[in-house]
Amino acid sequence: MTETATEGRKIDHVNIVINEDVNAKGITTGFGSYHFEHDALPELDMHSIDLRTTFLGKKLNAPFLISSMTGGAAPTEEINLQLAEAAQALGVAMGVGSQRAAIFDSNLASSYQVRRVAPDIALFANLGAVQLNYGYGIEQCQRAVDMIEADALILHFNALQEAVQPEGDTNFAGLLAKIEALCRALPVPVIAKEVGNGIGSKAAKRLVEAGVQAIDVAGAGGTSWSEVERFRQPSKTGQTTAGTFAGWGIPTTEAIKQVRAALPTIGIIGSGGVRSGLDIAKAIALGADLGASAAPNLLAQNKGGSDAVHAAISAMLDQLRISMFCTGAADLAALRQTPLYRVS
Amino acid sequence: MTETATEGRKIDHVNIVINEDVNAKGITTGFGSYHFEHDALPELDMHSIDLRTTFLGKKLNAPFLISSMTGGAAPTEEINLQLAEAAQALGVAMGVGSQRAAIFDSNLASSYQVRRVAPDIALFANLGAVQLNYGYGIEQCQRAVDMIEADALILHFNALQEAVQPEGDTNFAGLLAKIEALCRALPVPVIAKEVGNGIGSKAAKRLVEAGVQAIDVAGAGGTSWSEVERFRQPSKTGQTTAGTFAGWGIPTTEAIKQVRAALPTIGIIGSGGVRSGLDIAKAIALGADLGASAAPNLLAQNKGGSDAVHAAISAMLDQLRISMFCTGAADLAALRQTPLYRVS
Amino acid sequence: MTETATEGRKIDHVNIVINEDVNAKGITTGFGSYHFEHDALPELDMHSIDLRTTFLGKKLNAPFLISSMTGGAAPTEEINLQLAEAAQALGVAMGVGSQRAAIFDSNLASSYQVRRVAPDIALFANLGAVQLNYGYGIEQCQRAVDMIEADALILHFNALQEAVQPEGDTNFAGLLAKIEALCRALPVPVIAKEVGNGIGSKAAKRLVEAGVQAIDVAGAGGTSWSEVERFRQPSKTGQTTAGTFAGWGIPTTEAIKQVRAALPTIGIIGSGGVRSGLDIAKAIALGADLGASAAPNLLAQNKGGSDAVHAAISAMLDQLRISMFCTGAADLAALRQTPLYRVS
Amino acid sequence: MTETATEGRKIDHVNIVINEDVNAKGITTGFGSYHFEHDALPELDMHSIDLRTTFLGKKLNAPFLISSMTGGAAPTEEINLQLAEAAQALGVAMGVGSQRAAIFDSNLASSYQVRRVAPDIALFANLGAVQLNYGYGIEQCQRAVDMIEADALILHFNALQEAVQPEGDTNFAGLLAKIEALCRALPVPVIAKEVGNGIGSKAAKRLVEAGVQAIDVAGAGGTSWSEVERFRQPSKTGQTTAGTFAGWGIPTTEAIKQVRAALPTIGIIGSGGVRSGLDIAKAIALGADLGASAAPNLLAQNKGGSDAVHAAISAMLDQLRISMFCTGAADLAALRQTPLYRVS
């Protein structure tokens, strides 16, 4: 994929996510199969529930991240700014979309730069891990971080998304050594993230051994990137091939459980199909430190700008608080100890 | 929530339950998963089946309770009287709705006073447990009992219902000690009851240790109070938040089993989504002393007054009798010994 | 139920079964959950497959019985004759419907008398077991047998069917002793049969100890007699009560397995929702000696008389033969040894 | 079935498969229940994935076979040629349909002869195994092989298909001995193949002991031959009887697993409802050497000739490659070691 193609692709993606059904099919996150046990007598004041937490050394008012989405084209600047305003107001974290376009063409940098409206948030830069095989190195990663004054760099792993594109960047050979070098060189932490097919315990362990400090599982059951790319394929067979993988991946709940069991102390972001504060509560009870979502925030922004994003995330946090209240968990440490029951 | 708001809310509730779909969603009572084994040769006369029982020292013709629903506003007086007439005629128990309104404004007391038509029934007063944190104490509880010449006081626990209301009474801290004091002081027994999300074994044990004499599990799968409140939320996000919890709670069958296993001798009312005499039979075989339902009786009253309530409950008792006949259970003691098989 | 009411009721039943959906609901026979393993190399000639068997000492060309259905009213005579013609031509067994009406009024006897067209078939008389508590005794049973020159007497057990009728004959007390006396006195074997709710191992054992020589499980999942009676209830609540039990009973497959496990040598008829020769094959592999069905034969007779019944049963026997061919079973003894796999 | 009837039947079959829903019903291949675990970090270059393999000594560019379908009537010649062109271009294997017609009438031979367009492919002759009981012997088998310059002979086993036809060839007695003699005499390998109901471990073991060198399981869940024959039955009861077996057979995944477990080194073709390269990947991970499909290739040919077949198979191979990439399997040997998880 050429650099110049990237910009149009970014706008395509946003429009497809807004207008089409790009949810995974034939697979679910698994959140629906887990239930908390209701506590009729929680013996706490809901208003005193404490959602604050720390992630990679940065304080958050609530355990939530707006997942990496966009930037790199003029119309995406407004999106990023409005997402960032809501994040700043609520004290939650945010990631920007892949900065590859802006590293190639620095005129595009401003579409990612949200510090002017969000000076305090935990902000994460973003690059595709596979780009380390396509001409990007430590220097470009550093520039991505500097460009937005980021607190960490997210390297995203999107093997399936690349594979369903005839011209996709599908040389994933030898990446781990390069990631190891990058983690050693970069002054900020590196987060490894999928884009909707999940990072399981095996990949997570290799990544953490290479120096990655947190895993965003970005599991299956929410936005499916093979489904998004399906809408971009011109040929019928290309569409069929992309559609074949609409149910591919490790369900979000499964990924969180696997990674937490394998890596008891690593930072974990539970994302991929997180659609309510109840899902966030379940993600945390299963082992995540933060919950995160992407598409729902874009849809809110598209409908009503920053206010709508703020309202949507506030509602999620209310739901998280209610979930904690009705299980008697006064803070996130207590929520982490709250058992979940699997029902099929 | 102010006292004056309560009256309008009570009428809202009745209208919403009558006109909207307020059933729990994404969760069931579990009654459908349990089956009795048919006995082709019951060797008993169905007409000799004995449904009589005693609950908290009071004799009943049949193991059924009309669950707490209403009062506190002029139009609800007729509802309560007609429910009570049917209860008196059939010899079953009845609870009135929360008496908080009438304790604040004694003019409203008559809407709860059904002894003139139901001198003999087991009759239960009702107050929200959380009100013990909002200015109500032993005195108000005693007044609730006296107001209707009740045989017992039901304290209802409705954490989720309060939580989904932005102004809900959500300070549940320190309630247990107050309940303990209340149980010691009150001359009638105290029954702890949920409103559709279930009391499990943990909460039940704490409540019984505090002096509560019976548990009405009011489990999930029937009327959902977060669904009822959803219809009262003005904002879209408020509705979404309430709707997030339509599947929250301990299924009625699960709650009955848990509480009976933990507390072999306590009085248990099996309610929440009880919709037939077959459900009552299953509730009893799982460990309950009485079955109870709320919404179906309101719907019957709304359609055809006392006669319709009488007919609906009679039909439920016929179904209970048929269930006992076809399993060869001559009385409730035998029904309690009848095995249930779980099929998914 | 008075004797004179019986005649009209019999015609009602036939019409309801023909015109309404009287299948059990919320429960299945279980046949769909069992699978044979296909044998790609059966090493036998399908035309040499042997379906012959002996039941209660009587030879049959195939292991099939037309279940007890009708008689006792003028229009039913033709039905019985046409069913019997098909049975005679195919060499399968047949039962007539309850002969109670004809014992009360001997003018009705001819509606049951099919020997003129079916001199050779295994023919079974029929009476409700509960009638032994309502004025019928050994003498009446003997008359039922003599009336049709029967090879055996079927006593049917229909507790649920009676129970959902307000005036049903629901005194089942003390029947077992009377059955024991009957079995001892009667010169022909007695078969105990349900009518669609199943005989399980417990009832079967008691019946066999009392002298019954075969069990027709008549399990749940096919025609439901509470559903049939639902269509005869005038009141809404009566209909609701009958409808409550549309899923009641022991599934046919479960009943066959239970009874065979408990009683390794007794004669077992697998009936209740048998709808194909594949179901018959499964019934036999699960432990039955014969398969049987009722409603499908009535529907065929209603559509096209004796020829249609003949065609329908022939097709079932073809399907049985194909099932045996594709599992490599050359005769019923081999089929009985053929494993079934449960898949849910 | 007379020889002359065969030709019309062949055209019927093609038309029915193109125009009707002849999929198995009430049973699935099981592919949907198996999942690979996504590897977010495959550490390989998708373009270097190697699909090459060897089957019965013949080299293939990819592990795929166009299953035996047609020939024996004028219009089928074009079908076979176009399938063969695609096979030649892609380097995959192909089987022709049953050659019985052309052995009877050598004028029909050309409809099977595809070597002129496909000089290099692995090409398999085809005859019904049961014909060894209907006048065919080693000589006819040798002629089938010679007729098309085949690399192997497929003997197909279609007991159910024959059984649902009133005049079907259903004498399968004593076949094994004849197969043993054939395998010993024939200079090319013999492959035993079902047609959509599956070869399990028991039949496979007997066949391999008789000298068969590979098993094409042709399991249940794809094209059902009792369904195809259903459309050819003139009578309603004949249709019902065929329809009874729409769910009969050993699911493809189950058959592959069984046969591989029983016969660790035999050649296995995984076919029956293979509809994507993901299915091929699963078939191989479960134990197959090749994947194969029939109906989809016929449908493609019917829509767009050789090009469409080429495109359809190419897409399947792309999907296979993507499946391998996203599980980190660089070649088929690695894919065979890749675990599959069963989810129901």
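Here the chain labels run A, B, C and D in written order, and each chain numbers its own residues starting at 1.
Just so it is clear, contacts are C-beta pairs under 8 Å (C-beta built on N, C-alpha and C of every residue); 3 or more make two chains touch, one makes a residue touch a chain.
Keep in mind it's a predicted model, so treat the numbers as computed, not measured.
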item: Rotation angle superposing chain C onto its copy chain D by C-alpha atoms, nearest 5 degrees; value: 90
item: Centre distance in Å when chain A and chain D are each reduced to the mean of their C-alpha atoms; value: 44
item: Whole-Å gap separating chain A and chain C, where each centre is the average of the chain's CA atoms; value: 62
item: Overall pattern in which the protein chains touch one another (line/ring/star/complete/other); value: ring
item: Touching residues on chain B, where the partner in the complex is chain C; value: 32, 35-48, 276-278, 311-312, 314-315, 318-319, 321-322, 325-326
item: Chain C contact footprint on chain D (complex, rising order); value: 26, 129, 157, 159-160, 162-164, 170-176, 192, 194, 197-200, 202-203, 206-207, 220, 237-238, 240-241, 244-245, 247-250
